[in-house]
Structure formats: structure tokens, C-alpha cells
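Following are the structures in question.
Two complexes come next, and they have one chain in common, chain A, joined by chain B in the first and chain C in the second.
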Partner chain A sequence: MSSSASVIFQERKDQILRKGQGDFDMNCNRESLAGAVSQRACVFCGSRVVLYPIADALHLVHGPIGCAAYTWDIRGALSSGPDLHRLSFSTDLQEKDIIFGGEEKLYRALTELIDRHHPKAAFVYSTCIVGIIGDDLEAVCRKVASEKGIPVLPVQSEGFKGNKREGYGAACKAMFRLMGSGDTSNISPLGINILGDFNLAGEIWIIRGYFDRMGLQTVANITGDGRVEDLQRAHGAALNVVQCSGATMELAKMMKESFDIPFMRVSYFGVEDMAESLYQIARFFEPKAPGIMERTRELVKGELSQLYPRLQEFRRELAGKKAAIYVGGAFKAFSLVKAFRLLGMRVVLVGSQTGTEEDYRELYEITDEGTIIVDDSNPLELSSFLKEKDVDVFVGGVKERPIAYKLGVGFCDHNHERKKPLEGFIGMLNFAREIHSSVMSPVWRFVPRRKAR
Partner chain B sequence: MLLRHTTKEIKERKALTVNPAKTCQPIGAMYAALGIHNCLPHSHGSQGCCAYHRSALTRHYKEPVMAGTSSFTEGASVFGGQANLLQAIDTIFTVYEPDVIAVHTTCLSETIGDDIPQIAKKAETDGKIPKGKYVIHANTPSYVGSHVTGFATMTKAMVDYFAESNGRKIEQINIIPGYVEPSDMEEIKRIVSELGIRSVMFPDTSNVLNRPQTGRFDMFPKGGTTVDALRSTGSSKATLALGRLASGPAARALDAKCKVACEILDPPIGLAATDAFVDTLRRMGGVSVPESINTERGRLLDIITDMHQYFYGKKVGLVGDPDQLISLTEFLVSIDMWPIYVVTGTPGKKFESKIKEITRDVPHEVKVASGGDMFLFHQWLKNEPVDLMMGNTYLKYISRDENIPLVRFGFPILDRVGHSYFPTVGYRGGMRLLEKILDALLDKTDRESPEESFELVL
Partner chain C sequence: MKRADYVSTTNACKLCKPLGACLAFRGIEGAVPMLHGSQGCATYMRRYIISHFREPMDIASSSLGEKHAVYGGGPNLKQGLKNLMTKFGAAMIGVATTCLTETIGDDVPMIIREFRKEMEEAGDGPGLPSLVSVSTPSYSGTHMEGFHAAVGAVVDQLCAGDLLCANSEGKFVNLLPGFLSPADLRHLKEIVADFGLGCVMLPDISETLDGPALEDYEKIPAGGTPISGIKRMGCAAATLEFGRTLEGGATAGMILHKRFGLPLHQSGIPIGLRETDAFFKALEQASGMKTPEKHQSEKGRLVDSYVDAHKYLFGKRAVIYGEEDLVIGLTAFLAEIGIKPVLCASGGRGGRFASCIEHVTAGLLETPPMVEEGADFQKIEELCQELAPDLLVGHSKGYRLSKKLGVPLIRVGFPIHDRFGGQRTLHAGYRGTQMLLDRIVNAVLEKAQEDSAIGYGYM
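After this line comes the complex of A and B, so read on.
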């Protein structure tokens, strides 16, 4: 423990908690300490990851080339049809644009792209520099929208305005402007919108499959495999189900206020949360849809009877192993804690880039004694915790993977780079298989792991 | 068709880049700074910049990439980032204890006008920079140049801040390797030492971004050029810089500052460029070329001899960075291939004329673009296809849509391993390139030839 203590900044002490040592007291959602090697990103990043899966929209990044280059198709958000979202469009601002302004360039870029690709809508992302030079994004977008007859939506995602969470907000505001304009006449009373699922590795298709079997009509995918026209009529749905609460909760709240659509928080990760989410949805629709509860029970029963025997095989070998979790938003951590428990594993470290106090309080409730809970961590801290807790597998994102591997610790990408769907009942099996494949890999026999600890 | 949106008709675009063949300056500066031993690169801008650069480098190298950020907020962008940078310098030296903090700017901090040397000076006056520790900087606004110029600027900063001349020359040569892989830097060092020459290479990312699995996570890995070595570059008897764009500025700065004469060559990719490299080393070091190097050369030549019929007249499309593309184009022409499309995203008209000159004897029209992008490249292909493409991972969309084999070369490579371990420079690197080119071409032949003409021996 002394080794961990030495790498923790004084200023960050109250962003780290050990369950069982004193009461819950956590300081979070504050700006990162300058100079710390933070794993956090920016507002633009938040907006981009939320909106990018809308596949038939044009996504134009107004800024220098980097912002567009680093977000070019890096998240495996699959589309069943159009794939305009997988291209990278940038105004590629140059020095003279910084001096004289980029509005003219933006106007020309938008016009040219809309003429060539005929998108259903266009999102225009603002970057740091645009915020500084003061281009009037709103005015350019309005002008192009009226000339081209499609919605052209500014996304106020200047990077310096906060972290990813503010970016989610900007994305929600942009999407909200699409709503209310579409035709809702053929939407059944059992219409539902899926919020906060980005169809990584095809996950939203699994969830839509469940909703179909329950007799529900999915109106809009927000945003995985998303379509502009679906967003435009999303206000015709009877319920919003919100996953990844950080990303799209704001949109759900706006829709509640303007269209009186109720929302509920759900999670599709892990058996318990997946089943409970479906039951919760079924209970909501039960007055309008007799029989939905039975159908849902049948669905869950059928899935579980296939899943459990196969999970047991993994559980036998994984029981007692230790896991660490460090993810972008805390919501995912809740489900992961439960999923690991189902595999007989212990979660000894859990943290997120952007969790709220409420999130961490919930984590505190559901974790075991001694578990470390951490906000906005950094590589040095994470690696010392991994060593201290003698972790077998680490769940994180792209920047955490090589740290785990260097230490000789197994890894599972539960972020942009997942290659197998981890949602739904089948997702739990995939998750178990991924964890198993890494924890039990023969490679660890060859690395000087134990010796170095 | 992933790129069904690419149109065959080509219209001039002025306001728009589609599917870029470059990225921004700061990432190049960060990569260069990782080649200093015990150095923490520092991004003076918003948090996202740093996160993106670290992620991009991590995806390419599959290694931990450490860097600090000033974590700009709304306040910093209005009132300037001085407070953030001062805090960052203090935090970094207190907690991470590097020898050097290498600060690079971003579009944001450049535009609000932060003066890094002045802020560093203030940090020093305030006692925030411990004795024997350094803060260096490079101005790398994202709206100028590309990742390559960012690399060049940070490399030059190493000279500006560290190179010293004490009047006496020491028996060593400076090698500036350019924006190449850690494996390439390692190979260049090997060739130099094979010739019996003492050298200092900077920057040097070998053993930083291609390190072994040790069961440990080290914030600062073993590799990288030490500050002492950087200091000594001012007393070296000569500098050999590889790559005009990536290494030229640092080499000229050393000449101006410490009177170290420099020669600037194209990167040693392929036979002729490696010949020039080895010959220049021989002259600079006053040594003769050992048999071992001649043998390597002979082997590369042997592969070309054995397989020359397979190279003949094959049309190739290239996308990448200017320095590498110049050598690569020359190599391909020398083995009778036809590089007919050459695109870089990095701006600079000299590049176009240089490629035109190298390809003047190619019996086919050659299209070249600097400041181009992959959309344009794809449009060219739609009008006339090629047999082979070479470039970074983003070409895989075109490769799939048009059924053209792709040899991965350059930055970034996000979907294969090898580039950080196996060089493409030197004679051995040339052999590896030929192996990859032949594999790509012949695998396609095997896969697609009709049954009656499918042959065992090729």
C-alpha cells in the first residue's frame, strides 16, 4: 500500500476511496489536475462519439485536421445500410482561416458535400479553435439549411468547454432539434426509443431483436445504426429507454419536458441487469399490452436456459479471480460489477473518467469491502493499484490496455474497440469468453509477472 | 462498398478535406519527445488533444504512451494558459520526476497567444523547475503543416535547448533519423555501429515504443536519447540527417548554432537511398564498408534479380509522408515498378517536383499531390486502377472496395503488428519491403487465378 500511496497526488486524495475505510466521501466531477496524465478527453470527443453512429447524416468537423483525423471511424459503430458516417470530412483550417475566419470555407464545404452526398441531415462540429476565432456556426448552418432544404445542425463542442460529459450535452441539444418534425402516424402505441446504445459490434440489433419478440416497435435507435428520419419522429414513441446514462440522459429529459415521453434507465450488460431492464419495460407497457409480461418471461427463460450451462464452464475456472474496472462512464461499471459476480470473480478496483457523486455512491453500495473506487485516474495510479491488488484481468479502453499487458495482467476492451457484442444475454456469454480467454491465456506463464510483483 | 460515395469525376476542392492523408502537428511533436530519455511530453491545450494523440500512438504501437496535458478550460482559453502550465510543470516534476518536460502547443494555446518560454522562465523563477531538469518547447499549431512538421519542430527544439559546443570536436556523428519507426531507428544505429562509427541519434524511440514485455510498467522506459547525449551533439564532427522535411530543420540549426556541418539525405529506404546513406557514413567516419554490410546489400540485390519479372510494369499507388515517399518512389522505380499515383497530405510544392523528377522515365502518366487526401487518391483509382497500394491502414477501405492488394507502410497502422519491430530502412528493410510487396501480389495471383492456370511454382 505504501507504494500506491506515493503515486497519488495530494490534490487527488479525495477522488480515491477504499470501501470499509471510513464513510463515503468522494469529490468528483472536478477539472483534472493540470500536468496529470489523465485518461480523460474533451467536449468534442463526447459529441463526436454520440452523434457519429447516425449513418445517413453528414458529419463535418469544422477545425484543423487533427480533430477529424483522430475520430475517423475509430469506433466500430455498425450500420445496416448507409455508411456516410464512416468517412472523414474536415474544413482542415489553415493559418489564414484562423486570421480571416472560417465561415466562408465552412459554407463552401457544406454546400459541396450536401450536393455530392445528399445526406438526410448534416451535423457541423465546432472545435476549440472555432470557439476562439468566433465563427458563427449557427448562422452558416441556418443559411445552408434554407438553401439545401435539409436540417443542418451546429454542435457546440469546443474542446476546452469541459470534458466528454459536456460534449454529450451538446450532442443531445443538436439531436433534439431534429425531433418533432417527422410523421408519427404509423407508430404503434407500443413504440420505444433506444437511447445510449451505439451499436458497437452490432449490439443494438440484439436489443431490437428482444423488443421485437416482446411485441414492441422500435422507433429510433439513438444513435447506433441511427437514421435521421427516425430521430425526426422519435417523439412519437411511448417510452425512452436510456443506457449509458451520461451520454443521452439529457436528451431523455428534454423529450420528457417537450413531448411528455417518460424514460427509464436500463442496462443491457450482464444477466441480471439485462433481464431486469426487459421486465421493467414490460411492466411499463403491460396496461396497453396484455401478454407482454408472459412473452418477456418466456424470452428471458429461453435465453437463460441456453446461457447458464455454458456460463458454468467458464465460471469453474474463473471463480476467485480478481478483476479491475476503469471505464468512461460509471453506469457501465455497475453492470460489470454484477457480471463479474456472476462469474464468481471479485472486483477489487473500480473507477471511471466522468462519474458523478451519485454514481460513486452506488458503486460504494454494490462493491465488496476493500474495493478501491477512483475518479479520473491516471496510468501510474492504475498500475500501482493493479499490482497492489494482484489483479487477474482489467476492463478498460484503448489507453489502459498496454498498461495491463506490460504488467502481465489480462485485459478486456469494454469500450470502442470491443469486437464481439457484450450486450444482451449472448453478450454475457461473449464477455465470459473474453474474460476467460485473457485470464487463462498461456501467455502469462511466460511473462515475469509474479516475479516482478 | 464502404466507399460507395467516391465519385469518378474529379472537381477541384478548396474548402474541404475528405479522408485525410495527414494529421496535425502536435502528435508529431509528442512522438519526437518520446524519443528523449526520461522525458514527459506535454500538450499545452485541451484535454482531448492529448487523449487523442496518446490513443492514436497507442493504437499504432500497442505500447503505453505517457504525456501530460494543461487541461484547458473555458477560463484558460479566455485568460491564457499560464496558470495551467505552471501548475502542470509543478505537478509533473513533483510526481513523475522526469528529466525533461517537452511542451508542445496546440491550435488553442497558439491562438490565444501563450508564450511558452516566458511561462517556463516564470516557472524557473518560482523555483518550480528542480536543478538539472529542463522544460523545452515547440510551437506546433494544428492549422500549420502536418504531423511531420510537428516532429521536425520538436526535433529542432532538442538542438535549440541542449546542443552545446565547447570548441573541441569529439569523434562522433549525429544521426537524425526522421519520422520513422522505432525499429527503423534501431536498424540505422545498427548499420552505423557495423561501420565502426560512434554516433548519437536523436530522437530515438527504440526501446520506448517497441519495448519488451517485462512484467513492469515503467513511466519512463529505457530507451531515448539522454540529455547528456543531446548536449554532446554540438561537439560532434558532423550531422547526417535523414529526411529533408522531418530532420532538415534540426540539422541546419545544429550547423548554425554549433558549426556542426550537416548532410541531409532522403531516408535510407531501398537500394539506392541506402547506398547513399552507407557511402555518406563511410566518408564522414573515414571508414571502409565492412563485408557484413556488403553481404546485406548483395542479398537485397539478389531478391531483386530473382524476382524482377514480377515487379516489371506493375502500377502502384502510394499514400504517405513526403520524406518516405521520395525514397520509396525511387526504390519502386529502380525495380521497374510504376508508381503512378503519389499522394501526401502534408503541404509543400517541392515534393511534387521531386516526385516528378524521380518518375520522369516511368512510361506512364504520374499523378502527384501534396496537400492531397485519400478521396482524391481513390478518385484517381476509379479512373485507372493500380496493381498495388502502399500506405497506412486507412487505405484498407479502398483496398477492399477495389480489390487492390495493400502493403501497410507509414503512420498509422492500426490493424497489423510488425512495423515497430521490423525495419523498412537499410538493405534488410528493403528485403522486408520486397517480401511484403511480393506476398501481396502473388497471394492475389494464387487466390484469383483460374483453376487451369493455377500454378505451384511461381
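After this line comes the complex of A and C, so read on.
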């Protein structure tokens, strides 16, 4: 099939690529096409995703009710202590607030909630409509902060001012304002901050466990199982390790600039990337921490010797099957491509909501000939790709699930709602098990599209 | 009892207006719901709806960005409409506004008129889908107001007053069921058919949001109220409209009544004996036929099980929350079986909730239950501390409360995000009531069994 034959929306032609057909050319980072049913979310969503796991902060959504209601406890970001983040707070703006301004209501709501919950800090999210009526969030936050004696941080996340990625930036800016104020005296020279892990299904605890075994001290979780006080002293760490680089890279850069903390990109998904991330961190600390390399090698060896035999069992049945990936940020796609390779599977479609040109270039490098690479896709395209490539399993989020299931294709939720950890070595095993349990289920034999085979 | 008045909302017990409108549009054959606003709203609503129905739910968006918020979203809306026409082959597009476009003041009906004109001038007039728009700012009203507004808009904009009705069409009724589950809607259609009546049910999500596995991905899921049917609604023998809070309002049923003089039967959602009887009586009237034997015996079995169940349930204290009309229906039913509703709560502020609750419990309860409009889960939880309910009845967002209180939650309505088969939950009719009754009794028994150290084998 020629590449143009399956173009559904002409306007999106240059957001779809087939490896091996022409040169790399991807026109991403555009506004979504009206009427195409993009799978993207908004700026607010990006901010909410990043800040949400900070468990002892109050998260108040300033706007009409929907924006807060749809984000009530939607992610499995776990906390080892307080869980204020799991409540959904809103100013629930009404018509008169829209006409006369919402500042007064915001002030009263904030005061009321801080008195009720005694949070360590408060984040106030701006939504589309607040951007239009022009409430001065900054001023209200300043006032409440001085009255209540806690940081009260505006998050400039008006939904229409871009996509999720701008929301990440707004979240980073808000968090950055917390930094620099805490006491760093008892932080070891081997202190690190974990950026871009949201502790879905308890994943950050697995990663922290590895760092402990390497002899490192984790200063701040940013933001999974996060705490305000940790963020306030995060500038005392020696290194920032950044996963999900789209989400928190901006913060790492700001911290580099202001506090001179170096950062490195890591990924905890898949065996290769997990091990390489640990080695990379060990190499960084080696001058200060003799023996760290050995400890890391031991760790990886120990984990792998348990993992490999069990992976082989899955591999036997999964080898040769075809996978498709559509995720929010492209970083995750890199690791998934490798993880599927380890299972002997072929990735035939990979895409993301908000990848950058650089991301897509990297995907282009690591994928096989013929693989479809797509930016900001939609149900019509995704379903046609799934059929064309006769995919066995599709990795995505809740919105992609019914597309796969209707077509009789297996599915793996690799998004915020997962209940089993997919990070770390143990996560690779969980991933393999989940892929296996979807691909090998007998139910596909009964669905119309597959029955015909 | 102290009833604090809070400024902030915690864990809302309502959703936003366009979500209801999208659900209603999804129940029309060949229709695509579209939001005029920024991309986020549509995506959030899709996710929310998909998690309940486990079905595709495409909601298009005009995907406004910053410059559109300043200069107006007309061009994007038109481009979106065009894409839905050509790429989805939409037979109808239902455009709902969002908070953003309401606030910047986009005139959607006018933009649509312009679009229609431009398309006609370009020679694309004949292929033009039906275009319906509804104003749904979330800062006034909940998803239910959005739902009813959308149904009203469809009727208002598609049912032309100069309709000619032929006798050959056969006798049919309009059924405006409100937001019920696909299983409910299938059952309602079955009931009406058993009376020998045709039926235009608007909207009808029974297939569009509970469809079969397929060979191919459908751009627009099959099923829904046929548009040709909607256009003929003025020829019906009568309109049956569910929702006690709607009485007297400018609803779709009222529009049909005013425009075509159709008799309008407004009644509660048929849950429990009395509300279901009222529905059957309206059908008897419309058809001139007695309730068929099949349904009489279903009713007989229901009454019999009321008796079988009464001891387990008498005096049990229930908190019921969710959409006003659903809560009213459930409360009517619970009062019949000896359960004591102690709190009826809704995030809505329609203003008729309390009087309707009073009406449906009159004669069965000594005093009507406490009623809370504009409630969130913060408030419901506080009230529960004092009311000490034995069970909660509502959607799945009450789960954490039920866990905290250690009492069972009977999951009904929307959303059910933590259980399987929410779209197949039956609430309506004698049959739906029967299923609810069985579930409630079993929840009470299970709790008693678990709380007891003895391990009773007979309950």
C-alpha cells in the first residue's frame, strides 16, 4: 500500500511516516485538527498529571466543575503517607462568577480548604475560562500564602494555550518556586532527585529500592509519592535523573541553571534501558563512591538471573507477534520498542500525542522497515493502521482500548490507570505477563475479524 | 443537624453540561457529537464515558487554541464540521458549546447558518448533514441539564411544524427516556412493542454504546434514533417523557406538545411498582390495550418478592445520591420496600428535587428524607456521619465513602468505573426493579453474613 492510500485527513499527511518510504520528514507539534477526534488532552491535563502525585499539597482547580470532576483520582499515583491528592477540589464557577470575576470565590475556597486540610502547600490550577475572565491568580495566591503561611502556587494551565506539553512546563515552573527554601544540611553527596516518575502502582518504590542498594540517597521524588518539604530541599541533590523527559525536563534545566545540578535522561522501562540507566548513574557517582559500579553490576546481575528464565517462557509463545504503540509522550515509546524486541515481537506502529521532531527521529532510527510512525493520531487512523498491519496487541491508554477491542486486538494499558508496576526489572516481567495474557487469550478466536482467518 | 455551606466543592456529585449533550447526541443514528471549545474537554469526557461503557466514544472538538480564544472559533468550527461530514460521513452533527466558547461569546447557531450557506454555494448542499446546536455552559447546570437541553434542541431544530401525517404510518408513541442504561432502553422498547405500538425513542444509546464485536471499526456506531423517525415525531399518538423534575419545563416533550398538540405524559423514571404502573397505564391509554400477560406476571413476581424480602429490609437506612431524577425513582422504590431513605443528594440544583422526593414518598414515609441539592461528597460524607446509613445507592464515585463507612454500595446509574457491565445494569420497569431488589437484598444479606462470626448457611 502506498503511503498516501491510507491518509485519511489530508491536512495530517505529514504527521504520518512509514519507515523506508522516503526521507525522515515529520511535521509535529501542531495544533490538533478540528473534527479529527484527537486523542490529545489540554494544558491543564499536562499540569495536573505532573503535580497530582504531590500527596501533601492541596490541588485546587479554579474553573467550572468538569475540569476537576474528570480528573478526580484518575491516576494510580500512590502515596506512602498522606493522600490529599486523591480528592478533587474545585471552585465550581457559576454564572455570576463568570460575569463578576472568580477571585473572591477562589480566595474563600482556598482559605476554607487550607483550614480544613492543613496542606503543606497549595497549587491553584487555572482553566480555560479563567484565562478568559482574567482572574489574577497570582495576587490571590500571594494573599492567601501570606495569611496562611504556606506556599500557594498558581499554575498557569489554561487549557487552550497549547497541549499537554505546555502544561508540563507550567507545572515545572510552579514546582520550581518551591525549591531553594528547604534545609539541605543532612543530604549526602550521593543525593539524587527522581524526576518524571509518578509512582503509578508503586513504581517509584521499586526504583528507590535499586538506588538504595547502590548506596544513593534519594532526596526528592518528583513527583511520585512526592512531598512539599522534599521539593523544597531538592536543590541539595548532586544529580537529577529524569524520566518521561517531556514532563519534567524543563524543571531539570531550570535546576541546572539556578543550582548547577546536572541531569541525565533515564528510562525504567524494559531490561536494557533499566540496566543502562542504573549504570549511567553509577558512572556519574563513581569518582565519589568507590564500589558503586560493583554494587550496581551485582544488582543488575541478580535481577536478570531471576528475570530471564521467566521471560523466555513468554518469549516462546510471543515471538513473531505484532505490536502497536500509541502513548502520550514519545519517551515511553523508545523503551517499549526495545521491550517488545526482547520478547521477540515486532513493533509495526508507533505514535504519540505530543512527540517532538527529535523524538520521532529517534523512533525512526530504532524501528524496523515499514513501521508506521504517527503524531497526534485519532480513532479513524489508528483503527485503519491496526487492520492494515494485522496487529496482535496494542499498547495505549483508556481512550485507545475500545479501538483495539472492537477490532478484536489485544490491549495493554500502559497509561496512568495501570495497577501493576511496569517499571524496573520486575516491571518487565509484569509487562511480559500482561502482553502474554492478552495475546494468548482464547477470546480472539471468537471475534468476527479474527474468526475469518 | 448542622448543614454547613461551603464555598469550595470537594469530589463533585455531578458532571459538566456538554457531557450530557454528547451522550444524547450519541443516541441518534449517524450522529457525531462535537464540542465547540478547546481539545481538553472532549478528551476528558471521552475517557470518562469510555471507562463506563467500554465502547468507543468519539467526541469531535473544534480544538480551539489561543488565537481562536481571542478572535473567535468560527473558522475552526466550520473546518471541524467539514471534516466530520467528509471523513466520518456524519448524517447529523450535534454541536455543544463549552464554557470557553460561551464565555468568548461565539454565536454557534449563526456560525452554523454561515456554514450551511457556504456549503450550499459551493454546491455541497445536498450532502449536508443535519446540524443541531445546543448551548451548554457548565457554569449553569449539570450533565443532566445538558442532556435534556440537547434532546430539546434536536426536537426543536429537526421537527418542522408543517408536517403531514399519513394514516398508513401506524400508531406510534414518542418515548423520551432520559439518561438510562442501554439495557434499560432495550427493555423499554420491548415493553412498548408488546403493546403493539411503534416507538420513536429519543435518544437511543442501546446499541451505540453497547455494541457487538465487529469485523471493522465503525466510524459511527450503528443504532440510535433514526433521523427520519425524529422528523416524524409530530405524527405520534402521544409523547411519554420520563423525569419528574422536568414537569412544566421547556422540554422536548413540551415542544412537541406545543408544536403539534401531542398529548404529553410526563412521569417519573419507571423504577418501583408505582412509577412503573404509571408508565404502563400511559401505554394502555395510548394503545387502547391492556397490559400484556407477560408483564402482568412480571409485576406479580415482583410483588411476591417484595413480600419475600420485606423482613431483611425493613427500617434499613439508605443514602441515595446522583442525578436528581434517578434518585427520585430509586427513592420511590426504596420507600415501597420498607427501606428508610435518610438522605437524597444530588449535585444538581434544579429546584424541584425536594418537592418531587416528598411527592414520591408521601404516604409511605412518616417524614420525607433529608434532601440536599448542590451536594458534593464532602457534604454527603459529613451528613452520613450523623445519619449512619446501612447502605448507599448511587454511582461508583461513592465507593470510597462506602468503604469508609463500612456499608455496601449498590451501584446504579452512571458512572460505574469500578465494576464490569455498568452499561448492562437494568433499573427500569418491573424487571429492572426486580433486579435492583435482588441486588439490594443480597447486599444486605452478604453484609450480615460477613459481620457474623457464626457462618450461617441459611440467611
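Everything that follows uses one rule, which is that the second predicted complex is superposed on the first by the 444 of 453 C-alpha atoms of A that agree within 3 Å, B and C clash if a C-alpha of one lies under 4 Å from a C-alpha of the other, contacts with A are read in each partner's own complex, and residues count from 1 in each chain.
Definition applied: a contact is a pair of C-beta atoms (placed from the backbone, for glycine too) under 8 Å apart; a residue touches a chain by one contact, two chains touch by 3 or more.
These figures come from a predicted structure and were not determined experimentally.
Partners chain B and chain C clash in the overlay (superposition on chain A). In the superposition on chain A, contact is made by A:Leu93 with both chain B and chain C.
When the two complexes are overlaid on their common chain A, residue A:Gly35 makes contact with chain B and with chain C alike. Once the two complexes are overlaid on the shared chain, A:Tyr308 sits clear of chain B and of chain C alike. By the document's definition of touching, neither partner reaches A:Phe259: not chain B, not chain C.
Looking at the shared chain after the overlay, A:Leu84 reaches chain B, while chain C stays out of its contact range. Where the contact sets of chain A with chain B and with chain C meet, they give residues 9, 31-45, 63-72, 74, 87-95, 97-98, 105, 108-109, 112-113, 127-129, 131-133, 159-163, 379-380, 383, 398-399, 401-403, 405-408, 447-449, 452.
By the touch criterion stated above, chain A contacts chain B in their complex at residues 7, 9, 31-45, 63-72, 74, 83-84, 86-95, 97-98, 104-109, 112-113, 116-117, 127-129, 131-133, 159-163, 379-380, 383, 398-399, 401-403, 405-408, 447-449, 451-453.
Only residues 6-12, 14-19, 34, 37-48, 50-51, 54-66, 68-69, 76-77, 79-84, 87-88, 98-100, 103-104, 137-140, 142, 211, 213-219, 347, 397 of chain C touch chain A when the two sit together in their complex. By the touch rule above, chain B contacts chain A in their complex via residues 2-5, 7, 13-20, 22-24, 26-27, 40, 42, 45-56, 58-59, 62-74, 76-77, 84-85, 87-92, 95-96, 106-108, 111-112, 141-144, 146, 213-219, 345, 375, 394, 397.
Across the interface of their complex, chain C is touched by residues 8-9, 31-45, 60, 63-72, 74, 87-95, 97-98, 105, 108-110, 112-113, 127-129, 131-133, 159-163, 379-380, 383-384, 386-387, 397-399, 401-403, 405-408, 446-449, 452 of chain A.
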